[in-house]
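Chain lettering (A, B, C and D) follows the sequence in which the chains are written, and residue indices restart at 1 in each chain.
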């Protein structure tokens, strides 16, 4: 592997990421399944980096899952996105930051559509005007939240309390980076490092001391696939793709998987449980499953946040093996305890405990 | 093992390195013209059996070359060995022998398995 | 007084034009950008379809331009071409101002930079090389992987940078197919136990003895042909190149681990030619190659009277065609000069 | 009683071989089918017996067929077989007349000179001795040829001679030693007693001038006896087994026993009747055109005898039947090969030394269709009624000119016919049979049979000789099967088809499956004589060359087929005909690319010559009776 070649490619995909004043749109899956991630992201940006981030509670889903499942028409989704731009305009913001990769893909697709087919933009303005009476402007800068963490990765590294290094052996952790398909595969120019050798997560991992694993099915889909998953009978397709991916990474003995797409996090996390239940296969070393973390969670760990505040206990694959390797101190008793000290019910069927 | 109402599907893709190409090798060792095929499909177009059933030597020979033997092992016996394909092959492949050897190889394999 | 002609580009076409013009009583100035004449042929080991050593062609061309009426300037780039009354002035990078009655542009082609097909990982994976790299290995007589081992499974990817909208080249470079077959044979000749796989979209064997070479590769060298364009390449833990392609003839995706992957780089209009096109306002076609006035009977003529084309600056060509095209250019130049003096 | 210990080896050998031959014959007889046993019994007491005796005399002793095809080779075989036979015959008479008493044991005749050294001095005795010397000289001249053939086969006019195994070599050496040792023994004895005729007497005198002939005679009598004994004992293990077996074969064949598709005693008898003379190698086009010399029938039979795996040999053959035609022993080589292509039930393997005398062979059953069907996916049969059914055949669909011509001919003759495979039919089954796949073939035969039966036709016409052969022989149908050349001939004879003369020189290539394999030679030629000037070639009828495109051979390459085809085409077009006519779509396809001469099927030529709108055209209405097809075994 010649890193020089990769650097050359990364230099060709230099994405401009705004420095401040972000209009933030949430992800359906991320806020539901990994709520700590978005919590951390907002807190980190506002409190640690002192950035201005606005979140308008009246913003909605982007309807991307419905769109990709063929139940939401394109004109509808364009209008929904236009409304978010309108909310941004009304608040006086010009830089949009999107938490979900599916949404990010939808936003880029629509922006490109409007660029190549201006009549669609005009139509959408008309739809939005008629539906809500709102007007909107195109954003000045559009970024995925992982772009922001990538942008501030060195700041995080400077403040790091823990590095992605096995504190016992001193060796860097083997980390699989999985970039969501819709992040850059549709329009490589919108992704940090392009589509073939993206650097958005790899950059974080390397900045925080870890080692990126380049395995054969690195580019493969996590298995979500929208309609393959939504119909129960078709879930085998989704699962089989995940199996292919994990089979391919297994020989490298990864210590964790880092993803930037909430859907990928969910599927790579939960399907590991499903596969184990179905045929007993586990993909990590020592008979353990591989923890799958969002970049916010990982950044939080590196900065020394309490893993339970980051919501790691809400994953299917538990992160204790990773925490031990990184040498992070945690209190198992706190795991399912609320802020005010109440004991929450403990889930059954957790893996890696 | 748990049942979630769906199953793990076998990958459709051809795993070239994992596949067993011994049958193709056997055919080639005994009939060198097996390699000359350029997949024009003339044999399949003229085929007497292919007139009635989805029998395509073009397809079967390439599946053998890829080691996808399972797909071939039954279909290959649909041939009537009439020999029209030999006459139309632009590359002079001895198609009848290819089929006969493939049939022989599958039979031998079955016998060894038993 | 002898007519003066400037030939821009000292590759096969330029050398042939210069040599033939000198024979026809012209004073020729041959300008070459690099330190040596010979162009791409110099980087090639054997030529298809007869596996002739490229040095024979170079020797022929070098003998041809060893002529008292030819002055050769190497390391000389052309900055611009200006028409002044009846003659042309060519200004070069080293500040020369050369006058000529006619100009032949033979700036040739650039080999497609394989790193532009990112998904193949040229320059990233250790053992993804280009067809030109392989020719060098042949010349040095060592086909080796980066770790020094001898490869035993080698893939040849056809149409890298050709017939591909995604890199902006919709045309067929037409020589890569036969080059791939020639190289595949050469590999098996040197490494008899090697298995070679050609991944192709179409096999285009239009030249004399090309098809015969194709059959020879199948018959005598056991070269495998898989119809499908390689979609992506990745590396596994043992440094094998995991290559994904659809085997379109079985209608199934195929995965194969290879030791080495050779990218059959296509031909593109030379950057130096594009520069000249801009400065001299020469027309270029959709494929960025120089656009001749007529495809059938004016393939050497440019939109500027007195400026002519020779060789692969107009379209992909093999050596035979390049030399023929160059000779045809000479006739057009002589016609032009005669008409002018009458 | 005259006796000497040296006769013991001879006696052991002789009685061994006599008993062995009887036992073997009994075993073979036991293995014959009931019907064949009956045939043999009937044959033994009937005319076939006399016929067999004549054939044995003509073929086994005189070697008439070999003499006809190759005089020198024939002479070699004749001198050894007939000469030896006469020597024994005259020797026995000699011993009977001139010996001490009548009805002597055989050794007395064989070693007569030893026991009667004084014999032959004068008068009738001297004349008799002269005959005996003459016979010995006759044999020795043949032996000399045999020795030369072994080292240089060209001398006897053969391109190839068969290769030998070790036991054969030992037997051959003992055979070679028999007559020279007799010559020397007799010469020495003659010299000692001053007897002997022109050969033994003269040679004896010469030896006596410088050798102690008295002492030398006795060892050579020993050598003579040992040679004979060894030869007899080894005989069952060698190709010389053909000598006694052939007698049995001739009786069996003349009694009407045929190979069929059954592997049994008769096949085995034929296998052992082969003398490995090598004529099949010399007639084989694989040898002549492509230099393949290890798969011919002699090797096939040798392989069967040695219980070797002969699958590759059996399959590498054009099945043209040229060797059958030329085999001097008349072995049904191609039918045997057809059987050997089928799956054997038991595996071949090595027999031990003693097992070799009574070898166990592989069993090759006649396959039956039972259980699951291979072609069960074929659609249900649908046919329309017609008087005549026309079946073009798979190959004919690749030569649309033949198909079109046949339609034109049938229409012009007003035949009420149904085109059975107009939309492409099911293969006739013969290609599968040729590949040894009888069971699968039977399925296709059953399928096509249903169609034919349902059509209610009385006549089946086919354009393809491959189909013709299988329709006629392997379909159990109550229907007349014609090749189109036969049918056209009958149409012409019935005057329902009027043709004009094309004024073209035509040579006719007789397709193997139609000619040699089915015995149809005359009709195609008669048809051609109606429309053009038929030129004869150097290889007519049963000597015709194969085009090389045969479906019988799956092993040879396209290039080899092409070589055979172009050699055959060259021979056929020697006289520069205007048309090279054939009667088989496969032959046409095979010849077309290799010759400048236009190649056409008989049907095409006839179609071109048709005079349409014949004023008083009789519509073809009744079923034409053709003469019985020729019995191909003759």
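Operating definition for what follows: a contact is a pair of C-beta atoms (placed from the backbone, for glycine too) under 8 Å apart; a residue touches a chain by one contact, two chains touch by 3 or more.
Since the structure is predicted, the reported quantities are computational estimates derived from the model, not experimental observations.
Student: Could you tell me between which two chains the number of C-beta pairs in contact is largest?
Tutor: Max contact pairs: B-D.
Student: Find me the chain with the mean Cα position closest to the mean of all the protein Cα atoms on display.
Tutor: Answer by centroid distance: B.
Student: Could you state the distance in Å from the CA-based centre of subunit B to that of subunit D?
Tutor: Taking the mean C-alpha position of each chain, the two centres sit 38 Å apart.
Student: For subunit C versus subunit D, what separation do you get between their C-alpha means, in angstrom?
Tutor: It comes to 65 Å between the two C-alpha centres.
Student: When the centre of a chain is set as the mean of its C-alpha atoms, what distance in Å lies between subunit A and subunit D?
Tutor: 84
Student: Every touching chain pair, please?
Tutor: Inter-chain contacts occur between A-B, A-C, B-C, B-D.
Student: Going by the contact rule set out above, which residues of subunit B touch subunit A in the complex?
Tutor: 1-2, 4-11
Student: Where on subunit B does subunit C make contact in their complex?
Tutor: 12-17, 32, 35-36, 38-39, 58-59, 62-63, 65-66, 68, 91
Student: Spell out the residues on subunit C that touch subunit B in their complex, using ranges where they run on.
Tutor: Going through subunit C, the ones touching subunit B are 203, 215, 218-219, 222, 224-225, 227, 247, 249-250, 252-257.
Student: Would you tell me which residues of subunit C are touching subunit A in their complex?
Tutor: Interface residues on the subunit C side: 115, 118-119, 121-126, 232, 234-237, 242.
Student: Given the complex with subunit D, which residues does subunit B contribute to the contact?
Tutor: Touch list, subunit B to subunit D: 32-33, 46, 48-49, 51-53, 77-78, 80-84, 87-88, 92-94, 96-97, 100.
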